[in-house]
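Contents: one structure, followed by commentary.
Residue numbering begins at 1 within each chain, and the chains themselves are lettered A, B, C and D in the order written.
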Amino acid sequence: MIQGTIEAIHMNNPLQSHKLTQPGDIALMISAQNKRFLICLTPDSKLETHRGILQHNDLINQSWGSRVLSHLGSPFLLLQPSLADILMETRRNTQIMYPKDIGFIFITMGIGPGIHVLEAGTGSGSLTTALAFATGSSGMVVSYDTRQDTQRLAQKNLERVGLSDRVSFKIRDIIDGFDEVDMDALFLDVPNPYDYLSQARAALKPGGFFGSILPTTNQVSLLLVALKREGFGFIDVCEVILRYYKPVPERLRPTDRMVAHTGYLIFARSTSDDMITPEFVPSPEDPPIPSSE
Amino acid sequence: MIQGTIEAIHMNNPLQSHKLTQPGDIALMISAQNKRFLICLTPDSKLETHRGILQHNDLINQSWGSRVLSHLGSPFLLLQPSLADILMETRRNTQIMYPKDIGFIFITMGIGPGIHVLEAGTGSGSLTTALAFATGSSGMVVSYDTRQDTQRLAQKNLERVGLSDRVSFKIRDIIDGFDEVDMDALFLDVPNPYDYLSQARAALKPGGFFGSILPTTNQVSLLLVALKREGFGFIDVCEVILRYYKPVPERLRPTDRMVAHTGYLIFARSTSDDMITPEFVPSPEDPPIPSSE
Amino acid sequence: MIQGTIEAIHMNNPLQSHKLTQPGDIALMISAQNKRFLICLTPDSKLETHRGILQHNDLINQSWGSRVLSHLGSPFLLLQPSLADILMETRRNTQIMYPKDIGFIFITMGIGPGIHVLEAGTGSGSLTTALAFATGSSGMVVSYDTRQDTQRLAQKNLERVGLSDRVSFKIRDIIDGFDEVDMDALFLDVPNPYDYLSQARAALKPGGFFGSILPTTNQVSLLLVALKREGFGFIDVCEVILRYYKPVPERLRPTDRMVAHTGYLIFARSTSDDMITPEFVPSPEDPPIPSSE
Amino acid sequence: MIQGTIEAIHMNNPLQSHKLTQPGDIALMISAQNKRFLICLTPDSKLETHRGILQHNDLINQSWGSRVLSHLGSPFLLLQPSLADILMETRRNTQIMYPKDIGFIFITMGIGPGIHVLEAGTGSGSLTTALAFATGSSGMVVSYDTRQDTQRLAQKNLERVGLSDRVSFKIRDIIDGFDEVDMDALFLDVPNPYDYLSQARAALKPGGFFGSILPTTNQVSLLLVALKREGFGFIDVCEVILRYYKPVPERLRPTDRMVAHTGYLIFARSTSDDMITPEFVPSPEDPPIPSSE
């Protein structure tokens, strides 16, 4: 019911634009030791940390970016989180999707305000959170999973950031198909997406965007076989690699270690069967490059 | 004036969700030779190609994903474009920003529906297009450039996809500052962002997101010096590398060649001066990793 | 017979250490347009180029690093080539192996002076050349191929750089096995190395080094299955990625494009059957890192 | 004096080719827990491990690849090490150079049997070890360092693998120059190689190979300025990135983490001053690619 209030406030976005914090805002509290706490500002609540207690009432009606003190005098920064900040604080019992992958998925699959998108499985809800954020109040997000406990955690993760009301959660083995049709985009984050392609096709509008992420090359090969068999077109496989640098101006260099792999991204479009002719086989050789490069 | 009609139709998004094409929709026409044409469906207009003419009237009220024929009988696919498709068709007289970078920038800087964001320079408008798309009808995008001709091309690029009304274009040397204050995010795509940090700070709300992209390590070092001097916090430097695979299931392998470099991304937050203490120096060693990894 | 003379001069290495050029030396001639010519200095021979003719006699008894002029007055640099320079000038009718891969293969497989190594197939001879160079006059290199024409080209490539006498070339389908036993190392550069593992085992000494390069992930999986089945141990799979920078000090940045893929490298050791127990399964998780890092 | 015996045995290479182990051989003992011990087989010596004691006498005259038991019955593999194995076991008090970098350096700088090469500083001796191995008994390796303690450790590392007699170690601040002239190649592994380029030039033969490794982009820029000022030619900057895969055939995928950075490699050739004209400026745009690709 507090959640309801939050939703009333945030017509568009829990991360919406304003200068002073309000009840219902999602806030990122960062300690001097760079420990991070993601909270929904709720009157009369409190945040307990190893460095002392922070009263939410003291955090409301403050300027974003303020420095506040715990009851033990430890300083904290009060910041509005980015989507990446939120994703990094997702509580999980499964592997989550990374910001680097989600960002590229959104641009490639046309995810934005007003878009209707399906997802399976829900997992810990990191992609779900990002979809709810990006499609906005005018969008539609439906998320399927077979496991109640997993999806329950995801729901809590979205509630925590005021986005749960934007998502329809469904417990279902998607082998039985999706309820929805004419969806703009569909993302399968399951180990065997190749088993659900006719269901995906039935849920997507003609030409709709299909996406998936898979950790192994073997799964990628199986999905490619199935996508071709099911008549999907414009298939792309890629990986997004993120390399951080130590931000020291006089000794600029990459960090010593990096994440080497999260998953391979596979994209396709649900072109209709009769269009699948040798004419429309896209070149497998050349990555898409901006046209005048 | 047709553009006005388009805007009336697309309250949220010119790429909005619907099954049948409508006047004002942005469509991607793809020939059997994989040649691509991005058009705004306009009654009584026509698209002329080397493979024949397509009448827009024949493309309106069609199902997305349809196969259509030119007057010479050449087949074309009628597809709703993704943001990446649109960016790749941006007409340019400057280097454009790539989808791989824009996707990560959005997730990292909290860009989404309702967000207020500043950009300089406009360039050919690829980031402008993406910002207008992602912030939606409730957002605010302001784009500065010093060159009228460059910004005019960008404006045309946005008009072509029905997004120009969402952006305020301004001709200004930003050394004179921005008109706006309390913005959520600000992106500098200029060769010398280090010269405009006090202006950026004045335009951002406390804790607001700063971002920039720079091709050379020398520029990155200069920007890092300036960011530290101006009291920005939570500085990150990274690069996003995209590697495509040939989508052949029985011979899965990366493409032979790839784009090796577009630019280094630099992010920071406009934390206020008095918070800048040794306590809040973030570790330069470790890239952010989801918390339970 | 000139070749014999060359060999007499170069007891150890056609790229051997000396200051003045001698007959039989391999020289790299570089034009002002950065066009490169690899030649074996031979009295009374000449090099014909688009920029004029160079008489070998004028190139002999010169200091390495000299600037010489063609009969048309065009300048050329007279340089001693590195192994990489030689490999890059290999004439080919097949895909060649790259220096970046060869360098890592040598360090990993213990290739150096005095080592006995087998290779199949010969291909255009780039790896053969590198093996003959690195194992020196005290080593042993045997190279198998099924195709006479391919191997003939490789032989010519090695003759051109004075290394052919170090290699035994054999025309053979290696399904029939190798003549050699107790070899230190064996490299299979064939599309189906998984078909020749018992032959490889028979040719290697116990614990000997096995290596292969394969372009696709499917081939890698097949080879891994076969290596485990045949009882090979200490299996590693990796790829070596080389990224060049524009050497401009005030605008340091990676080149725009790069080679994205040459092949996956697979290494193993021919441990004997009875040692293959669960005890000796190496961890597949962790890449080898120097011990005190 | 035992060392002398070893040298007598290994005319060419302590990793030389033979089937049965001999006194003086370098052996890699690997426990079932994948713990590794690098030893020089010495009559009447013993190796003490947490899994029991191994008598060297029991390891001599054995077949390479044998399985042997400690006095507690724990199994060990008796393997001939590769150069990479040796480098990974280098004892260090400084950052060592990695096999991935050393392999590419050797191919690029023409390092092989008979080559005369200078190095500074010695550091922990990993590059020194590799140079001594690759240049063989007919080569010449000279290694300079300012610190006696560091170089002493390096010397011990080389003694341990029977290669110390191939290297001349010198304690010297190289600002005072090198004793040697007309060297084929010179590698500077010091933080400020740009301060020693005239000394490097004086030690190299005309056209000789110069190389260096530097961790930061700032150092690379400084070195590039100095190389151009000192008239070096054919300058290249690159980095070698190594990505391991989990060797599981049915779930082939990269490891989760990887080394992101060791250093930038810089190569140049000591072309003489009068050749440095605009004609010979190599293109900074294009990485070298095999000629018929």
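Please note the rule applied: a residue touches a chain if its C-beta (ideal position, glycine included) is under 8 Å from a C-beta of that chain, and two chains touch if they have at least 3 such contacts.
For clarity, every value in this text was computed on a predicted model and none was experimentally measured.
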Looking only at C-beta pairs in contact, point me to the busier pair out of B-C and B-D. B-C
Distance from the mean Cα position of subunit B to that of subunit A, given in whole angstrom: 19
Centroid distance [mean C-alpha coordinates] between subunit C and subunit B, Å: 45
Could you state the distance in Å from the CA-based centre of subunit B to that of subunit D? 47
So which bits of subunit B are touching at least two other chains? 217-218, 220-221, 243-244, 250, 252, 255-259
Quick one: do these chains touch in a line, a ring, a star, all-to-all (complete), or other? complete
Per the contact definition, I'd like the list of subunit C residues that touch subunit A in the complex. 217-218, 220-221
Using the touch definition up top, name the residues of subunit B that touch subunit C in the complex. 215-218, 243-244, 250-261
Subunit C residues touching subunit D - in the complex, by the definition given at the top: 11-13, 15-17, 19, 30, 32, 34, 63-67, 75, 77-85, 87-92, 96, 98-100, 102-110, 112-116, 130, 133-140, 182, 184, 205-209, 217, 220-222, 224-225, 228, 233, 235-250, 252, 255-259, 264, 266, 269-272, 274-275, 277, 279-280, 282-292
